[in-house]
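There are two complexes below, and they share chain A, which is joined by chain B in the first and by chain C in the second.
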Partner chain A sequence: MKSQSSTLKKPTSFFTWLIRRQIFIPIAALLLLALFNLIADPSFFKITLGYNSAGNPVLSGYLITILDYGSELAILAIGMTLVTAASGGQDISVGAAIAISGSVVLRVLCGTDSRPETLHAPIIVAFLISCVVAMLFGAFNGALVAFFKIQPMVATLILFTAGRSIAAWINNNELPIINEPSFGYFGGFIPGIPIPTPFFIAVACMIIVALALRFTNLGLYSQAVGVNNKSSRLNGLDPEWIKFLTFVILGLCVAVAGFIKVSRLSSINYSVIAKDIEMDAILAVALGGNALSGGKFSMSASILGAYVIQFLTTTLYKFDVQSDALSAYKAVVVIILVVLSAPIVREKLSALFKRLKLRQPSKEGC
Partner chain B sequence: MQDGAILEMRNICKEFPGVRALQGVDFTLREGEIHALMGENGAGKSTLIKVLTGVHLKDSGQIYLKGNSKAVTIKSPQDAQKLGISTVYQEITLCPNLSVAENMYIGREKSFVQNWKNIHSDAEKVLKALDIPAKPTQQLASCSIAVQQMVAIARAVDMDCKVLILDEPTSSLDEQEVQKLFTLMRELKARGVGIIFVTHFLDQVYEVCDKITVLRDGKLVGEYEIKDLPRVQLVSKMLGKDLDDLSDIRSENAVYAEDKASAPVFEAEGLVSDAGIKPFDFSIRKGEVNGFTGLLGSGRSECVRAIFGADRVMGGTVKMNGKSVKISKPLDAMKHGIGYLPEDRKRDGIVGDLSVRENIILALQVKRGFFKPFTKAEANAFADQYIKLLGIKTASANTPIKSLSGGNQQKVILARWLLTNPEYLILDEPTRGIDVGTKIDIQKLVLKLASEGMSITFISSETDEMLRTCSRLIVMRDRKVVGELSGENLTQNMIMNTIAGGDEKQ
Partner chain C sequence: MSLFGKSSAIGNRLRDKSQNITDTNLLLIITIVVFFIMYIGAMLFLGKGFLKPQTLFNILNANAALIILSCGMSLVMITGGIDISVGGVTALVSMSCAVYLDYHNGNVFTAILLSIGIGLAFGLIQGFLIAYLDIQPFIVTLAGMFFARGMTTIVNTNPFNVQNKEFVALKETRIIVPGLGSTNKAGNYVDAYVEIGVIVALIVVAVLFCLLKWTKLGRGFYAVGGNNQSALMLGVNVKRTKFYSYVICGLLAGIGGFVYFMHVGSGSASHASGAEMNAIASSIIGGTMLTGGVGNIIGTLFGVLSLSIIQNIVASVGLDQAWWTGITIAAMLCLFLVIQSVVMSRKNIAAFKPTAKKAALSKEQREK
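And now, the complex of A and B:
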């Protein structure tokens, strides 16, 4: 009897262990989506090597699309995870902030001329300036949340409302177009490399954040502040500064994502660019199994969550869901995923497995 | 029911998982009486009140109210209100953004439609009758806290309450406001309302109350006429120590008597914080264990919080090893070698979701700086060392601290501060709510650390523990240092006498 139960115990406890792991949720969601596509149409996974209009080799296929278009979301998810952990709230202004930082990039590159023959400044300068501007706006949000103790969603509602107008104002409401092909590399392909550049940028961001979490106390501090503000203070931390810092970091993520976005278009559309991306970014954090009320987080789960959302969007596009009906379908899937990943459901699931485990040996005993 | 009684609670029992909060408690309130309900933390005062107001359901026992022939059942705060039992809490539970009159009438409309036209004149009458300095149209937030409390009382009175419960109403009031509140209480008393008054301030009890009921450890100690119970006796009944019990348990700490000649490690002069304590002087020598004592709310925690910079320091000078230093936030104190284990472990101590390991290294890590995180191996080594040293019972260093028992959580917080190797360690109620075994472990540890040269301030609501560990006690009453005991004077009786105020020695 004893040996029986111990042999039975191993696989079940491994399963419970897996369920308890935070990254289990996005992995499970990814596997479910992949399985669905595999059954519905295996051609989803086909990757082909072709040539684009400029004659450069490019990989194409749905998986490549996911890696490509999931990049901005993954980058935003990094910052959003930190903000969520430390402040226990979310920044809903990232879409509007992307419009601003993208607009800044174009303004620096084009000057006042909306159809420039040559660029007015090196691309790197435009990018760095947009980083500074986006971090300033992040600092504005962070200051409201950390020092004025305004709820993150309310505080960022200000920029959410005003951001796109500010973006339009930066370029005098004109829509500059950049003809310089090298500007398009960042949102497309670098000649000779068949993998989309945004993916490389996203990977670079992931490496940077991994190094930051490894070589600074960013992770420990932001989690400690999110879990117990009072106790963190009594341990010498400065909760306000840490919250502020996470918003500034999110600002930097916004700048990178905004740069990719404008590079894709070589232009900007103030009211449409990165529309609703804040909701997807928050969803990525939630899908990663992170509590939206702050505290402990798993960065890798958030990033994976971002790609799961892109996977879902791409799947829906493939099955010819109209773009205006897209959000409705997405909502249904998201409800299922979020409910399944809710701690209360997971607890029930664990309990169910335990009961099954208990029942099995007793049956054999009879 | 007894003659004149408007409320009788008989044999009330209430059990929470693992705690018998009330064990057969009787309580009687008479018409036109102000009745103090006294007891230390965990004595069962708030549970008794919550049973009476329907917040908790009693497990057994009966509650009788005047005018009801049978025992009444109170299942919700609404039931209690209907039966004429009203409560005014320490924190105002009214709506600050509404007017005074609106606050008095909201939520008690007799029919679905309230005649809002009349409320201003109605409110005016009630306020005038009770002599409350507030206008009905005034926004509640613009009144002082005391007036807000009076408005809450006026609301209760106007709802025809027979039993009024005042739960720590005076803790945020100044002397003048307290007097105004007392005038109002006496006015209500004259009208025949029975008032249950819960407070930690002894002076106020003796000023305004008629009777005292003392609870201790969930049991009734007794009901007394105020004139029959001198302060010293009240304190001894609350603490559960017999006055004649002179058994001196302070043999151990004589061994660790500190070197009186050595210079103080920490000195404070005229230190005052924004937490409402009077300025105080304090010093501690190398290897000394001293403590702050006094009833709950007497300001002992506020004193050590001021030392650590946990509250905003408003004035005073601080010296560390004879050198003047500035401590305005916890990090300053930590950098000068001070550690502080806070009173409320759950709220201020543990970082619940984080692992035991992270909780242990947190303070030292913060001291080391943002850009110098410990490696995993270092952190594990620290955690394992202290888990072993203090005998922390945990599945692993990776377990979230919140899933540990109270005593083990406390050991983790202790480990956190020991790891920073402080010169001066403040322990505020390190033994509260933990099992006896761990309590003794912690006391032994305190004495051992002191013998190794660490200066320790040890606070406990259990006087026994302080007598066993401390060689000097600073006594506090009503947020003021009222005495200092050491050597010969360090006895239960002297402590109780000093806490009660020397005016009534018996």
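And now, the complex of A and C:
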């Protein structure tokens, strides 16, 4: 379809240029949702500055909630985009892996005591250990996909089943609670700064990824492997190693997201934490206009997609949709998205548009 | 890769005739052997319960629904796809039937029709999207799964037991297996029994076995899974065959949902959580290849049995915390996936190396 449009060589206006850009899809979705909320209830956009229980200034409002809770999703979307691009499949074990890494953080901080008075280790050590563990699990997934050639979604199904069980096992099925207030800063507010911390963490991750994509070949190589495994091999790349690497990077993203999730509650609930987040992460990648079958990707579109998903979730919550029923609505959105992005449907649609365009001048002639 | 896969599949079939063992049979034999080793091992080392025939029947009773779901899953996997919505459909069916029976005073027959209808609807829509619009099966059925789970809570939030008299009578029906009873702790003789669901499951297994073995459609499933392109050239309607596989899978999910409902007798949003996972695991353990084209319904039956035997063993060894079940299933799945991967690579190497020898061999066979 792309070659067709380029051969036509029409004078392109700004609007058509925008439509061709991949980031157009999430922006359009965002505008649509914003418009809907504006009509339904303008107070959606109200932001107020208040004080929380500790007496620190905090911003509150639906938009802040979106920025706050969309951050983990954006971080996951970064890793998921890379995995999708390189392996042409998605990792469905991220929710379970978040449970594991969160459990590890608490285990290191609390030791064997489930209600510790003081922390058993510095927070940074706990975070680093959870990073290592999450990367190991990522490496496990990556090894199955890259070296044993198992479809990514099926390979990650293993961790998807076992993950929450392993998480419970790490902490002996206890639910430790941390009383240390500084641990809560990472998922809440740092005293004196009214913007939620997860947003800063997400921005930091985005900057790191942007630098990595700019100054290393990570992006190019993972796209090459995704577009054509064989030819990238013939060009001297090592497709297996690159696939493996993307899964390890996703592991790192999972650790960061898991850390934020645990910090929010200062506790953990193995069966509920990050529930259905794999669906949201995949949805973010799809909404970003990236092909779910691998190949080219746009990182910024994915990240924006993640925030759009959170926008949708928050909107649904606002209209009193039950949290368990949310998935039904999101599933409908996914189906609409994938149907619209299916090559066959696209061809039909473009043929339809062409026919309309051809018909219009003839009418004018009459 | 698919091209090489085709030639190797054909080559293997020809070569394996002389060795009398195909990949399908090899994986099937591994599964059956593993099952018997585990069962006999449990009988020898754990004794007690495993010596009673009723233990085996109880496993069947508890897993009748899973057997039906796994059969559908195997069918889809043979065509090279996957369907992870079956667990969600099961939950939706049991909740809808429960609400219909208790709140609307429905009768059981209509409830059965309702469950089949829900299953078929899922199968039709998913099948259309996957076969005719060429969308990745995993994405479609993942959405289907979330949709079904979400719908379950929309239909009714709170779990409840069904009191409908007709249904309870059906649920309590026991079919006595003659001659296999045992004496219980009090010393009374108790007949061995199975539930209606088991009969349904066995009928489904038999029907699907015949379908896959002796009908044109059944052979078409293997052809499509083995190689899309060559199946198309052989005159198989690839899209329609794929479509049918999802429709049948959806139908079986509906039936399986009702059987599950008959076993538990209640509606709940958390019913059959992870059933899709267990179904995939049993199909894989039963020797169905994820890449398609290889699989056997009998293997799937043994896959389900192996899976539940290992759960029983884990429980009776004393590791009864909830998490062990998840971990053992995952470990077992991982093991069998690796076995498959090794078998596949062996097949690919075989396709590349003795090309000349094989060509000569296949020529010989053709002449025979």
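As a convention for this text, the second predicted complex is superposed on the first by the 317 of 366 C-alpha atoms of A that agree within 3 Å, B and C clash if a C-alpha of one lies under 4 Å from a C-alpha of the other, contacts with A are read in each partner's own complex, and residues count from 1 in each chain.
Note that in this section a contact is a pair of C-beta atoms (placed from the backbone, for glycine too) under 8 Å apart; a residue touches a chain by one contact, two chains touch by 3 or more.
Everything numeric here is computed off the predicted structure, so don't read it as measured data.
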Partner chain(s) touched by A:Leu356 [first = chain B, second = chain C, both, neither]: neither
Which superposed partner A:Val272 touches (first chain B, second chain C, both, neither): neither
Touching partner for A:Leu38 - first (chain B), second (chain C), both, neither: neither
Which partner reaches more residues of chain A (counting touched residues only), chain B or chain C: C
Which superposed partner A:Val132 touches (first chain B, second chain C, both, neither): neither
Partner chain in contact with A:Phe215 - chain B first, chain C second, else both or neither: first
Partner chain in contact with A:Ser231 - chain B first, chain C second, else both or neither: first
Where chain A meets both chain C and chain B, residue numbers: 230
Sites on chain C touched by chain A in the complex: 1, 82, 129, 132-136, 138-140, 142-147, 149-151, 153-154, 157, 269, 274, 277, 280-281, 290, 321-327, 329-331, 333-334, 337-338, 341, 344-345
Touch list for chain B against partner chain A, complex: 308, 310, 329-331, 334, 340, 342, 347-354, 358, 362-363, 365-367, 369-373, 416
Footprint of chain C on chain A - complex, ascending: 89-90, 92, 144, 148-151, 153-155, 157-162, 164-166, 168-169, 173, 230, 276, 279, 282, 286, 292-293, 322, 324-332, 334-335, 338-339, 342-345
Chain A - residues contacting chain B, complex: 214-218, 220-221, 223-224, 227-228, 230-238, 295-296
